[in-house]
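What follows is a group of structures, each given as structure tokens.
Common to both upcoming complexes is chain A, partnered first by chain B, then by chain C.
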Partner chain A sequence: MSHPDLYAEVDKSAYTNALAKSSPVTKTFFALSALLISVSASYFDMPGVISFIVPVVVFTICTSLTLGLAKVKAHLYLDLFTYPILMLILSCIFIALFFGSGTPVIEIPLHWATWTIFKSGISMSVNTFFRVAGALSCLFFLVLTTSITDLCVLLRRIRIPQAMVEMSMLIYRYIFLFLEISAKMSLAQKLRLKRSGWLSSIRSLAMLTGSLFIRTLDQGERTLVAMNARGYDGEMHILDDFPSARKTALVGIVLFDVLLIALVLLTKTSGVVL
Partner chain B sequence: MHIMEGFLPSPWWQIWWIISLPIMIYGIYKVTKLTKKMPEIKPLLALVGAFVFVISALKLPSLVAGSSSHPTGTGFAAVLFGPAITGAISVIVLVFQALLLAHGGITTLGANLFSMGIAGPAIGFFIWWAFKKARINPAIGVFAATAMADLMTYIITAFQLGLAFPDNGSVFTAFAKFFGIYATTQIPLAIAEGLLAVLLFSFLTKYKGSILQKLGILKIPTSNKTDEVNP
Partner chain C sequence: MFKLENLSHRYSDGTLAIDNVSLNFARGERVAFLGTNGSGKTTLLNHLNGILKPTSGNIYFEDKPLAYDAKSLLTLRKRVGFVFQDPNDQLFASSVKQDVAFGPLNLGYTADRVKELVNEALVTVGMSEYVDKPPHFLSGGQKKRVALAGVLAMQPEVIIMDEPTSSLDPIAISDILHLLLQLNKEKGITLLLATHDVDMVPLFAEKLYILNKGKVVSEGTPKTIFSNAELIRKVNLRSPRIAHLFEVLKKENGLPIADEYPLTISEARKEILRLLKTTEK
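After this line comes the complex of A and B, so read on.
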């Protein structure tokens, strides 16, 4: 799936999943605390030891919550993972082959030097793989269950300055506006043979970006006029009507976090020794 | 740039957060002040944010390193608004990229913000300012500023990755390895981004000169065609 389609799908899922109506406070608190604990567990990583227990636990829990409880479509979840995981695998291979120090696993003599692959390089790369996979599952849980509008209301509640929250909402709106207009312009250019040569295709791209910028700028000014006409006084009022967080859910999350931290501390010395 | 979610181990992601946080707060303070003074600037600010989002979402996989190569767009924003406000816009853009595209992340926000939202724009703005002082053609200034901001972003990212994943105990060789991989795709891209910024700048001067003057970027009188758009 191409990028614009993918994030339109993600946006749709945020509004239509089974957890869409539950409190964003609960969802955000859960996802962020799990994310921070699981990434912080890497503090105990040791060279030459693969420790994967915490990230795997976090990954399993977040994935089952996303697919089971929030009922997000499995193929969307997979699509979302495809690109980052592909990049991650390439990165990890690079780290395993070219980084590390200490005990070598294999030494390959080349003409100009010896290429050494180290145990610590391999453990670093595998640990990174698990850490990122766990972290991504937390992030995807948040993204697929909570809409950006809800997050903006949340930001205002935790006293992020009004100007920033408003900017976030406007940027969010403009991203989609930008993509829509650019798709239309690109089609129009294609119909007028924009790719008839190398030079003309470069010029077409510059024209597209330039007029896109000005078009959206104009749109922005019109938006401001429209807002002024409706009594805009420098503050955007968002309807803040999401359900308040249930106490049991919050207690449950705190309990989960405590258990997770306990797991981190218990397993800090265990792992597969290379 | 754009180090993936969770890619930096503890304590590096915390360290970059601590470094970026004060600058982020200063940027937010500047945005609040500017929008209070000129509410009509809000759409333009948001637009630059969306622009940065869209062009930095055009990513080319750079093969390695939990990161990817693409234009950053923040150099141009720095020329328009200065580095502090660009930093604040970058926070929003980076959070959206992390949430909507899985591109960057929350734990790595500090590191990404430092490279893309702080160091790059700061260098870009400094070059723009120096060229302006030297009375060199603004087009050349815009080109140099955006291209260098782009390169600077990648140098810093390579440095951040080098610190977190030292090679044989040496940060420098790790840095050289990471940067070597970026450089192949990034130098042509930096030039392309510079050219794009120049074209955009001339477009804006031609059609929206009034707002550029208001921002204090242009001192020269612009053509009579201001605010008349017919692309």
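After this line comes the complex of A and C, so read on.
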């Protein structure tokens, strides 16, 4: 899937998934607490030991909630994972190559020195992989089930500065407009026989970026006029209106978190020893 | 309700967009401003809710001159709503609900009152099922309706619409016209429209102003104005198709057609039936 399509699909999922109408407080609380616990469990990581139990549990639960409960399409979920996972694998390879100390696993003789790969480096790399994959599944649960509007209202509730929330809302709204405009402009360039060479494609891109920039300034001005016409006073008020969180759901999440912490503590010494 | 006295507006680049215009309209009227692109329609209407300040001349709303301090503007804008030509300019919030709520929230209403107004406005324009959707999910016609709802939620007495039918499909045009007529009839909302859609004007307007190069060149009912075909052509507009047909039938074929040409299908039907009866005799 191309990038703009993927964004649009993620956005669509946030409005149409089976959990779209449930409280964003519940969803955010669940995703962020699971994320926090799973990531902070790395405190107990021991060099040379791969401890994957907690991240795998978190990953399994978040993924099954996203696919099973929220009924997000599996192919979208997989597509969303593609780029971060590629990035993650690359980073983990580097961690294994450059980090660690203590017991060496492989020693590669280069003619000026010896390159050593350590046991602790490999365990750190594999642990990081599991940890990040678990964390990604928490975040993807959140972005695939909760709309930006709901998140913005939530940000206002927890007293995030007005200006930041306003900007997020406006950026979110106009990203889609400018994606559409840039797609049209790029098509217009193609229809006028844009040449496919590297240099000319850079030139076309520069032209597109330039005119898009002017369009954004222009759009900003016109939107401000329209906002003024409806009594804008320099502060964008947000209607605080979304389904309130069910107590049972919140209690359930607290229980889940307690169990997860218990699991972290129970499994802190277990793992695969390299 | 509104009174304009010798209104002129000169843009900073030197263009005289409005040239000494004086006019007034009453509560509950349906008024259309007809003119080509660049004739000054939008500039004129932008003055009526304080978006633009006149370079010279006066504007009175209910016998009081417009004031431009923040508080007076807010009061004016609560009473006079403006629906912009491009709904993408107007819909800036991340969801339909937040966008429609923007106006009422600026008026300082409580959250419950705002929710009520939002629901009411969305029901009126028939968009209540899209309440939680973001604007980029909507079609052009739907966006226009939501933009109208955003203004309606402020419960205005006057609604100004700039090109309400531009870039809409035929069904969407007829829907929005019906909606406007219904608002005028049921809520007594005064409607001021800028348009170059000559076929739409007779269906909507009781009063018509023809604008050309910033001047009002003619005013009256659509009937009287469109029977003066020379004037209409002089300002680069055309008559409604139906009026044009009857004009040709009268001038080229010598049919005994009334001096005021029919402008709509129902008027044309009456005129044809009348003609058939006179020829039968």
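In this text, the second predicted complex is superposed on the first by the 261 of 274 C-alpha atoms of A that agree within 3 Å, B and C clash if a C-alpha of one lies under 4 Å from a C-alpha of the other, contacts with A are read in each partner's own complex, and residues count from 1 in each chain.
Throughout what follows, a contact is a pair of C-beta atoms (placed from the backbone, for glycine too) under 8 Å apart; a residue touches a chain by one contact, two chains touch by 3 or more.
Values in this document were obtained by computation on a predicted structure and should not be read as measured data.
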Problem - Touched partner set for A:E9, first chain B, second chain C, both or neither - result: neither
Practice task
May I ask you to decide whether A:I148 touches chain B, chain C, both, or neither, giving the answer as first, second, both or neither?
Solution key: both
Practice task
Would you sort A:D241 into first (chain B), second (chain C), both or neither based on which partner it touches?
Solution key: second
Exercise for the section: Applying the touch criterion given at the start, work out whether A:A229 contacts chain B, chain C, both or neither, answering first, second, both or neither. Expected result: second
Exercise for the section: Determine, under the contact definition given at the top, whether A:S182 touches first (chain B), second (chain C), both, or neither. Expected result: first
Handout entry: chain B versus chain C as contact partner of A:L170, first or second or both or neither
Key = both
Exercise for the section: Would you check which partner chain A:L35 touches, where first means chain B only, second means chain C only, and both and neither mean what they say? Expected result: first
Practice task
Compare chain B and chain C by how many residues of chain A each one touches, and report the one with more.
Solution key: B
Fill in the blank from the handout: chain B and chain C footprints on chain A meet at residues 11, 148, 170, 172-174, 177, 223
Problem - Residue ranges of chain A in contact with chain C within the complex - result: 11-12, 15, 20, 147-149, 152, 169-170, 172-174, 176-177, 180, 219, 222-223, 225-233, 236-241
Problem - For the chain A and chain B complex, residues of the former touching the latter - result: 3, 6-7, 10-11, 32, 35-36, 38-43, 45, 80, 83-84, 86-88, 90-91, 94-95, 98-101, 124, 127-128, 131-136, 139-140, 142-143, 148, 151, 161-164, 166-168, 170-175, 177-179, 182, 206-207, 209-211, 213-218, 220-221, 223-224, 234
Problem - For the chain B and chain A complex, residues of the former touching the latter - result: 4-7, 9-11, 13, 28-29, 31-32, 35-36, 39-40, 42-47, 49-51, 53-55, 57, 61, 63-68, 88-89, 91-93, 95-96, 98-102, 105-107, 165-169, 174, 177, 181, 195-196, 199-200, 203-204, 207-208, 229, 231
Completion exercise
chain C contacts chain A in the complex at 49, 51, 70, 73-74, 77-78, 81-82, 84, 86, 88-95, 97-98, 101-103, 105-107, 111, 114-115, 118, 132-137, 150-151, 154
